[in-house]
Amino acid sequence: MVVVDRFRITDTLREVWRPLAALFLLDSLVTIAYVGLGWTWIVPAGLPLPLLGTGLAVFLGVRNNTAYARWWEARTLWGAVLNNSRSYARTLTVLMVPAEAAPLRHTLVHHQIAWAHALRCFMRREDPAPDIAPFLPPDTLARVAKAANPPFAIQREMAELLVAARRDGWLDGIEAAALNTTLTALTDSQGGLERIRNTPMPQQYAAFSRVFVTAYCLMLPFGIVPDLNVLTPLGSAVIGFVFLALDQSGRHLEDPFMRSIYDVPMSAITRTVEIDLRQAVGDAEVPPPLHPVRGILR
Amino acid sequence: MVVVDRFRITDTLREVWRPLAALFLLDSLVTIAYVGLGWTWIVPAGLPLPLLGTGLAVFLGVRNNTAYARWWEARTLWGAVLNNSRSYARTLTVLMVPAEAAPLRHTLVHHQIAWAHALRCFMRREDPAPDIAPFLPPDTLARVAKAANPPFAIQREMAELLVAARRDGWLDGIEAAALNTTLTALTDSQGGLERIRNTPMPQQYAAFSRVFVTAYCLMLPFGIVPDLNVLTPLGSAVIGFVFLALDQSGRHLEDPFMRSIYDVPMSAITRTVEIDLRQAVGDAEVPPPLHPVRGILR
Amino acid sequence: MVVVDRFRITDTLREVWRPLAALFLLDSLVTIAYVGLGWTWIVPAGLPLPLLGTGLAVFLGVRNNTAYARWWEARTLWGAVLNNSRSYARTLTVLMVPAEAAPLRHTLVHHQIAWAHALRCFMRREDPAPDIAPFLPPDTLARVAKAANPPFAIQREMAELLVAARRDGWLDGIEAAALNTTLTALTDSQGGLERIRNTPMPQQYAAFSRVFVTAYCLMLPFGIVPDLNVLTPLGSAVIGFVFLALDQSGRHLEDPFMRSIYDVPMSAITRTVEIDLRQAVGDAEVPPPLHPVRGILR
Amino acid sequence: MVVVDRFRITDTLREVWRPLAALFLLDSLVTIAYVGLGWTWIVPAGLPLPLLGTGLAVFLGVRNNTAYARWWEARTLWGAVLNNSRSYARTLTVLMVPAEAAPLRHTLVHHQIAWAHALRCFMRREDPAPDIAPFLPPDTLARVAKAANPPFAIQREMAELLVAARRDGWLDGIEAAALNTTLTALTDSQGGLERIRNTPMPQQYAAFSRVFVTAYCLMLPFGIVPDLNVLTPLGSAVIGFVFLALDQSGRHLEDPFMRSIYDVPMSAITRTVEIDLRQAVGDAEVPPPLHPVRGILR
Amino acid sequence: MVVVDRFRITDTLREVWRPLAALFLLDSLVTIAYVGLGWTWIVPAGLPLPLLGTGLAVFLGVRNNTAYARWWEARTLWGAVLNNSRSYARTLTVLMVPAEAAPLRHTLVHHQIAWAHALRCFMRREDPAPDIAPFLPPDTLARVAKAANPPFAIQREMAELLVAARRDGWLDGIEAAALNTTLTALTDSQGGLERIRNTPMPQQYAAFSRVFVTAYCLMLPFGIVPDLNVLTPLGSAVIGFVFLALDQSGRHLEDPFMRSIYDVPMSAITRTVEIDLRQAVGDAEVPPPLHPVRGILR
């Protein structure tokens, strides 16, 4: 995620320069043909750009609004992962009080750290084993590693530990129910993130907005060259840039887990989970928070 | 649901080619008449296309936004079906702890798998019996099969089993109340899905947007032929395509359960419920997840 | 509510034919005067229709979006009535377990059916007595019938029955609290529906959108007759239809309880509540679900 | 709040007649100068009204959507005050069951009525003492009257009464926790209302939309007089009315507690709270509901 | 936050006068060149301002709507901080009833005040020590001061105090679970605020809207000078002002914690928390509420 305060416009130019350059080339060719060579016949008497623009505006309006909503929902769900992880650790403290339960509390909190890391890897379709190994006993790790859904498997392991705690008399029904409520909130966050990852933006919006923006840009120089003359490449580039940027902005937010510079900073969030929870159980060494690298936080 | 990364524009063209071809034919006839035969009288001095376009833009904006919201709400409710099924299985583990309750826990989790399959069939107005038979005892299946609302009947069966568990002392009031909360969440998901299925998009939006887009497309060639001349079929097709695609996009999202290539992948989601819950109770054979077939996940 | 799959455009035409016919008449008069009689002076040199159209688009956009949101919120709240009624019946089963409490459970579920019917009548400002009489003891019915807010009175009766159950030892504090949570959800649904019924759409949106659409339609033929000539009545009717339909669509959704063909199908929903809850307590005769009559579900 | 079914357009005209009359005067002067005196030099060759209109449309769209959302949120929160007051009274019945607790239940419900009245006065910055005196013991009233936040003070008094009830053994921990949950919902409603009252709409939207609409109206007659000639005052008034009405509509909804004819009917809602709660505890005399006076419900 | 009723337009002019003045200067130069010197060649035959305006309208519409939503979400979360702080204090009263627990209740409420102040400082990246010192014991303060996330550390301290209370028998499992629920709500508010602070608005919206508005303003005088002549600077300034104000309005709401005159009044809200909670525990001296200074509440 871009977090720098001063946004360098060059960053985005780097992403749209290719279509912009192609557009500029086309504009120049059209201008040379029309103005230089006098091939006025290449331009129809009038191009219905405003008619096309109206349809395009509706398309891009709907698409960019929904893309933003997807991105913000993904960010909010990751925020819920952090909030609920903190609440889970605190709830364990408040509700599992026997002094002899301290090692179990420590184990459960480490399971929770592992859950957050496993969820991040699951979202990015990566192998979670290296990231979660430090937080799970070897046999647990082995079971989790071969599960189809590692974070869900970790939650099942936590449930087993809670059952053992109940049998040891460290939790009564009320306390177990309250802890279970926290686990349900975590399950909901995970499910919400899976939903966004597994459900791409309806393809017609994604595909068509690119197609229509391209069509619009192709028609643009023909429509404005009679009026703008030699300024056509400049004018066409400015207008084309607005529509290309609109399309690009929607595209970037549409898939919040694709490791682009605009995605949700999952590594940083799970690191915060690790720091907060390790501090909460008094671990000695705690890793530092992640910092943006060249304005980008991952 | 289309899940391929590379969307083949041909897929959508296949769906709109009919109106597009009709539009192209009309455009060509108009062009031939106007340019070829010189029947300039077929074209009025000025067509108020922008006036019509403004009204159409409002119409399509409202409609496509609400259609997307419906589709996303349906997808979110199916996500809740998955989340709550997982939470229900975990809650059973954490709250129904006696060792001798293990068979009952297994039965209850299988009821839950049956509930998810029954809900999918209920949404698609299909007979659930084949899909739920493996998970229910024969007499339960018989009772469920003749209920008007099979998933609701399965929930009633689960409630009876919980009552029996309470009488056996395997659950106290608190634990039963907590389990009941999970069942309430499942009831809410089911009710939400029934609401979307039973309440079509207000017909005036659905019907009128098609009517108005058609009217617009019919007027289009007459409006642009004086300026575009022989390019009319091309220009008209591009603009017509934008509006047809807008209408089509809204139409596809409007009814998320109609087995189109854009609907919610209910089979895949209920398969995930089955996999996760069977793994949770340690079933030996677990079916594989569903995979997209030619880019489409059902 | 219109539920037919094939929407007959004639249904809506029947509703807007009056203003459309008036518009067509005006258009024809203007056309005859301008084209036939040559009274070109009736048309100003240029009518600022686009300027008016822009303002109108903002107006209709805001209004139709909010009207749809109201309608969908009302539909969702009625969905919650159904969900919460089901959950309440199930909760009674799970939490009020003594065998000797069976008659009371039956009575409470019948109260809940009465509540749903009373709420429907309350929304439509009808006398609930005939509909709720089969489900309530005579003295309860008498008390409810004279209450200002019958559904709220039924909830008070249920609360008294729950208190009696507690005194009989059939419910403990936890179980009563859990049942009370369900009743709170029902209270919230009722309150939300009262809110929508008692709070009309801000009148300026409702009144002005009609006024402005009318003004626009009146100006329309004068604005397009110089260009469209004898086609004016046709062109004006198409454009006028778009704006009249936009206004009409908003108007229909704005008040979801007014017994129009677009309102929420409250009779069908409360019938579903009755069926599901009677089946849940094992009543012998259960009424059939309501079916659409000529495509309309009430 | 305007609740009449037939909205008299004159009501709104009464509110915008001043700017409309000023606009009409300006229009007439411009028309006389241009048409009558032939001062054609007062009108530039072309006024960029569409450019201004586009910006204005975005402004008014954003502003009116957010103003409506504020108003509806305020109305929903007042609805929650009513719902939660009803639920609180019912919860007291269900959870504080000892027969000897009846007087305390009565007192607590009267406190709740006082809370609703105090909240209304707090929103309108009025002295609550006259309205809440009938429902509170004198010493409680004295303490509440000098609190900075009277409704919050009443909640504190209720908490003290609940503590006393716990010490008397009339409530156990579970019941107290459940009642406390209801009080939390009431606190949230109050906090939401304070938030809306204390946070005006961002002033740039409120101020600029007026400024820009005024600028637009001032330019309007100059822009249309060459085309409309003597019809300019009429045409300009119609278009100006649309934009003035848009601005006015947003302005009215923006501050839902300002005692305009569009505000939330707080007196009627708190009267309903009083009626429902007094009936719930069997008070003898219950005031009648408030009715609209000349179509306005306060 | 600006809270004055009468908004002085000069306040905002002060913020946009720089770009406006630059625009006015450019306009004047263009006017002098075109009208005074007759350099008509500087103006192309037609500038595609409406095409650019359409794209810009979509951009600014999406951006301003989302910026407002961010700002209102931030405000709502701060409202939740206030609500939940009040509920937490009341919950402590109702659920931790032993008379000998009074000092602990007092300490816990003071911790809560410290939490609110620490959260405000954390949002503004300031050192919380001076603000929270009066409310925490010295050793607690020392531990909190060196935590990476001071408000989270204060919550951990509260959890430890609750554990001690449980061991003293002042709280049972139910009461602890209910208090823990309140703490979870506070954790969620904090997490939501961190989310907004740490996730800037997608930079492409922020950066591009400024770039495009600037481009539009630069083209404006060239586009309108042929029609407006000597009135160009005036007309261009009015239109430019609309777009600059739109951009500026979005920019101000985008980052609600940046200590601009439009940010959320965090100092006032945390002061209210302090006042309400100190009154709730009967503290002798309570600070006065913060008042707006020159119309601005911080």
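As written, the chain order gives the labels A, B, C, D and E, with residue 1 at the start of each chain.
We adopt the following convention: a contact is a pair of C-beta atoms (placed from the backbone, for glycine too) under 8 Å apart; a residue touches a chain by one contact, two chains touch by 3 or more.
Small disclaimer: the values here were computed from a predicted structure and weren't measured.
Common neighbours of chain B and chain D under the contact rule above are C. When the CA atoms of chain A are superposed on chain E, the rotation angle comes to 70 degrees (nearest 5). Mean C-alpha position of chain C lies 23 Å from that of chain D.
One finds 38 Å separating the Cα centroids of chain B and chain E.
Residue positions of chain E with contacts to 2 or more other chains are 50, 54, 56-57, 61, 65, 174, 177.
Taken chain by chain, the contacts form a single closed ring in which each chain touches exactly two others. Across the interface of their complex, chain C is touched by residues 1-4, 7, 9, 11-12, 49-50, 53-54, 56-57, 60-61, 64-65, 68, 71-72, 75-76, 79-80, 82-83, 86-87, 90-91, 93-95, 97, 172, 174-175, 177-178, 182, 220, 223-224, 226-229, 231, 235, 238-239, 241-243, 245-246, 248-249, 252-253, 262, 275-276, 279-280, 289 of chain D. Chain B meets chain C in the complex at residues 44-48, 50-52, 54-59, 61-62, 65-66, 147-149, 152-153, 155-156, 159-160, 162-163, 166-167, 173-174, 176-177, 179-181, 183-184, 187-188, 190-192, 194-195, 198-200, 202-208, 211-212, 215, 219.
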